[in-house]
Amino acid sequence: MIKYTLRRILLMIPVIIGITFLVHFILMISPGDPAQMIVGPEATLEDIEMKRHELGLDQPQVVQYLKYMWNALHGDFGTSWFQSFNVMTEFSHRLPYTLRLGFLAIIWAVALGIPLGVISAVRHNTIVDYALTVLSLILVSAPAFWIGMMYQVFFSLNLRWLPASGASTWRHYILPALSLGGGVFATNCRTTRTWLLDTLRSDFVRTARAKGNKEVTVVFKHALRNSLLPIITQIGVNFSIIMGGSVITETVYAFPGIGSYLINAVKAKDVPIVMASILVVAVIVGITNLVVDLMYAVVDPRVQLGGK
Amino acid sequence: MSNVLVETKNLKKYFPHRLGMVHAVDDVSLTIREGETLGVVGESGCGKSTLGRAILRLHEPTSGDVLYDGKSIIGLKSREFRPFQTKMQMVFQDPYSSLDPRMSVFDLVADPLRICKTVPKAQLPEKVSETMELCGLPATYNNVYPHEMDGGRRQRVGLARALVLDPKFIVCDEPVSALDVSIQAQILNLLMDMQEQRKLAYMFITHDLCVVRHISNDIMVMYMGQVVEYAKKEEIFAHQAHPYTKALLSAIPTTDLSRRNRERHVLKGEVSNPINPKPGCRFAPRCPYATAKCSEPQPLVEIAPNHFVACHECSKG
Amino acid sequence: MRKGREKKMSNTASKKISTSNRKGQMKQVWFRFRKNKLAMIGLVVITILILACLSASLYIPYEKVYTQSIRDAFIPPFSEGHIFGTDQFGRDLFARIMYGGRISLFAGLVTIGIAFVMGIILGGSAGFFGGKTDTIIMRFCDILMSVPGILLSMTIVAALGQGLGKMLIAMSVSLIPRQARTVRAAVLTLRGQEFVEAARCYGTRNSTIIFRHIIPNVMGPLIIGVMSGIGGQILQIASLGFLGIGIAPPTPEWGTIISENQSNILFYPYLGLVPGLFIMVAVLSLNFIGDGLRDALDPKQKN
Amino acid sequence: MENLLEIKDLNVIYKTDEAIVHALNGFTLSVKKGETLGLVGETGAGKTTMCLSTLRLLPDQVGEVVSGSIKYRNIDILKASKKEMLKLRGAEISMIFQDPMSGLNPVMRVGDQIKEVLNLHFPDMSPKDKDARVDEVLTLVGITPERKDQFPHQFSGGMKQRVVIAMALVAEPKLLLADEPTTALDVTIQAQILALMRELKEKFDSAMVLVTHDLGIVAEFCESVAVAYAGEIVESGTIEQVFARDKNHPYTKGLFNCIPDLTSTAPRLTPIPGYMANPRDLPKGCKFANRCAHCTEKCMAAVPEMQEVAPGHFIKCNLFEKGASGQ
């Protein structure tokens, strides 16, 4: 298990190098001279040249990249090009917000999505099932930012129950978490239904029934644990979706996480911030996937870690 | 006696595995004559299917040689191999996965001709319908898809697909084991009719000794990748020597009530995987007569004319 | 020369046979699809929507999309001349939505198309050839999938700059690895099937096996993926538009329409509600069609 | 001897999207106490459907009993309450399914899967006794008790089938429905499993319905036999009566002729011509008529009556009508 974990972490390194290099590469070859953008249109050629040297932009791409990664390894993500603060410090303020929001969203999406999916499967082709199917289809079909706005209009403006933006109290988290987790909730509900229905038709479930088990036991003791396997895999994907979705949700709710920070950086092409975000997100997603695989091995005795 | 058509010499096929090398086919030499059938019998995992595929080079053999009509076909480039390919075909076990579900019966049977171009284009439809007719598939089946047919009819399509190239040798990999008994007999008869009409040579792979007895001239019994007994059919049913062959024969349930209370050799244990096997007899752990000598290599010994057995006990006297 | 012509002729002849057969199979799929009410509703709705957007120039003059007039700002829906009302600049919302739909639907279709083709090429060769080809392609996909798709698209757009073409590239890039994985998995299961072995048996070349046996068989799951994928792409485009890095305003696109009205939505909710509903209805219809197709193409899964 | 299970005129259909499949059509069968009955038939004969109907485990929303009755001792299965059925399943009637590979819960230890039956039907048994009982039954089927903490994937096919048998027999049921228990196994393993089943059946004095497509297995292991074709029983009797090959239903006769065996010298087999009738669209007369050499207009017009050709030997064929000359 430890050996496997270490190997997986080692395997993560080339992937992270790959994605950061790729992002660095496309940001740097793209048109527009960052030095000129930073010093402004009135600057002299000399000023630009100086800025360029200061940022290391006069060096070959690969050297720039290696330098960046070397510093990043030492916890230095550089300084924002356009605002003069340290990226690392800013991240340490903002990341907790994003993580808190992400966890809240994923928790409700899993804690409600899976049980409702079970109900949908057990009562399949009934009104409950149809209602849940329609609800989840709407949630996956509507744009997340739009749903967020509609929540604001309805819960904040009309009902005045919850604040529409910011993150100062726990009540500020409710609406963002609700809209961020919506899509994931819907996919969880639908996949749980599909997988459980599938498992309920399998041979060993028939065996369990032939033993004289009650239907409740058949579903929860025999079928559900087996359908949990693909659902766990799903959770890894969920996390990736949530990390991506947080950019949108944080923008809608003016939430002070890294998502809203990143979007402004992307628009301004503030390379240090973009690089740092990609790096952090890639590491988080990588670790989640590893945890998911480890969980899988715990639930399914057939999975042997370290094997092929 | 007719000519030797297909021959293998010390054919080996090993597969890499997490725990070592799987000796799926280990040192198999056989000969099949024109118009005759070699039955290859064994339980699942004994390497019989791999053997058939290695002869057709669907699995490239690890070592050893395969000769067709006296010429080695191992190591030939694909263009050089083409003329042999049309002469050696295969009928598969699973009538469900062996037919491309997106092709109609006509297309399935015509496909080998379109690839190999053994007949002029103009004659293709004629050749296809002729072969289909021969296999009991009238022209009404032209536009039928595999999923609309049952196992028996599908297996007829599989046979037609193999026959349309006018091969001389067909590897039949358990062609009837997935079929119902009443359909099984239809297909077996069809195979035998074809053999009579066209002087076909078959390698008939199966786990069913009754079927093999019905269709074969020679019989080869395999266990964990190795040949344990190889002889003429009459010889093997009259004087089977290897303990494994004996056990196989006695395990077959028959409809003959007089045999109901016969003494049965029920084998203990199960077949394991031939991963990095030890040099001795691979059947020894399950063999009721095993002795210390079984851990030595067991070569095939001719105990009677053309009757080979790989067991020191039997070859003694 | 003659041989070449012969080949051509027989090819068309054989095509005839196979298309007529395929028709029979398509008929069955259509028959099963038609029975699915939700899927049929989805098909009708999306067809109407596409036709309405495509023919928008026939019933809405193009100028209406951009004509600004402060006098006409914030006219509520169902007013004369402005069925969905107007925005802060007095532009007609209906006109903007119908013209914007062209971009949203078109971009959804194009990105999924690119990903579809690239997915078949990359995933197909990875699955079929295995070995080094597989490792290289799949490692590359791993890299692209190590960050959420929308982040990758965002970064690429940021690097390349705004514009429809660049956005299409950015979105396809983040979609291709997923598509390639699906194709690879499908090809891997097919590759082990006996019918591929049978084709090898009579000397079918790899390329022929791929085009004649593998691709037609992976089409089913791929088409299902594409149908539900278009919906997802429309959502992605809208999201990029909303974030202000998709289609540059004032060009209308469903996401940008909502984005440019964001500050007024709290007081004039219809400005967000209506374009959002359009997105939802379009995506919902496509999802219904996707579900219907899955059941129709793979009937055994249902029972 | 008294009948343990009595199925009378059972009709079962499967409703799919495209059509209605008639799986059982007037299926009648009785099993005596302690007897081993071989139920023979090919794909689509309705063998599995019969077993599932007996346990009331037909697939939900798809399978449906249209008419007929199933009586187990004095219980009317089709009218029994859910609670009564739970008590019957596993304790009184248990079933061994065809495919041992997928029949066991992959994420549960095999010992626990066996113990579950005891938990369900012997709630008063002490945990210690239960463990002892599991060990005992595992030993009986030839598995060392130490392996009870392993998972199904650690067992081979034959060993899994032994676990399934242990599970089916641990409550000592009165009736065992074995649905092709050896079809997925190799010949030598099949011999092991059949020998084991016979031994255990005798030990527990259970009745057994051995469903199979292999007449050979029936001849060697059963006392009586019933031949099913297209959802009905066409012939039934003792082994001696049926396997004497004196008076047989044309279908049974056809089956005998098309099996290659170890003694015949005929150069060719005699297959039954044609294919099984389509269960979506069955003929109204005898289902075998279109493949039968003795088919008459009467056979096409109506389903033949069951004829008793000797005491206890029944054949559903017009050839054996009272007063007719026979074959």
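When the chains are written out, they are named A, B, C and D in that same order, and each has its own residue count from 1.
To be clear about the criterion, a residue touches a chain if its C-beta (ideal position, glycine included) is under 8 Å from a C-beta of that chain, and two chains touch if they have at least 3 such contacts.
The shown structure was predicted, so the numbers you read here are calculated from the model rather than taken from an experiment.
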Chain A to chain D, fewest steps along touching chains: 1
State the pair with the higher C-beta contact count; candidates are B-C and A-C. A-C
Chain-centre distance (mean CA atoms) for chain B and chain C, in whole Å, is 49
Could you state the distance in Å from the CA-based centre of chain A to that of chain C? 23
Where the CA atoms of chain A average out and where those of chain B average out, how many Å apart are those spots? 54
Taking each chain's centre as the mean of its CA atoms, chain C sits from chain D at a distance in Å of 51
Chain A residues touching chain C in their complex are 14-16, 18-19, 22-23, 26-27, 29-32, 137-138, 140-146, 149-150, 152-153, 157, 164, 240-241, 243-245, 247-248, 251, 262-263, 266-267, 269, 274, 277-278, 281-282, 285-286
In their shared complex, chain A is touched by residues of chain C numbered 139-140, 142-151, 154-161, 231, 235, 238-239, 242-245, 255, 258, 262, 265-266, 269, 272-273, 276, 279-280, 283-284, 287-288
Residue set of chain D touching chain A in the complex reads 55, 57, 59, 61, 86-91, 94-95, 97, 99, 102-108, 116-117, 120-121, 151, 153, 164, 167
For chain B, which residues count as touching chain D in their complex? 43-44, 150-153, 180-186, 188-189, 192, 207-211, 213-214, 237, 247-257, 260, 264, 266-268, 270-271
Considering the complex alone, what residue numbers of chain C touch chain B? 6-7, 9-10, 14, 17-18, 20-21, 24-25, 193-195, 197-205, 208, 212-213, 216-217
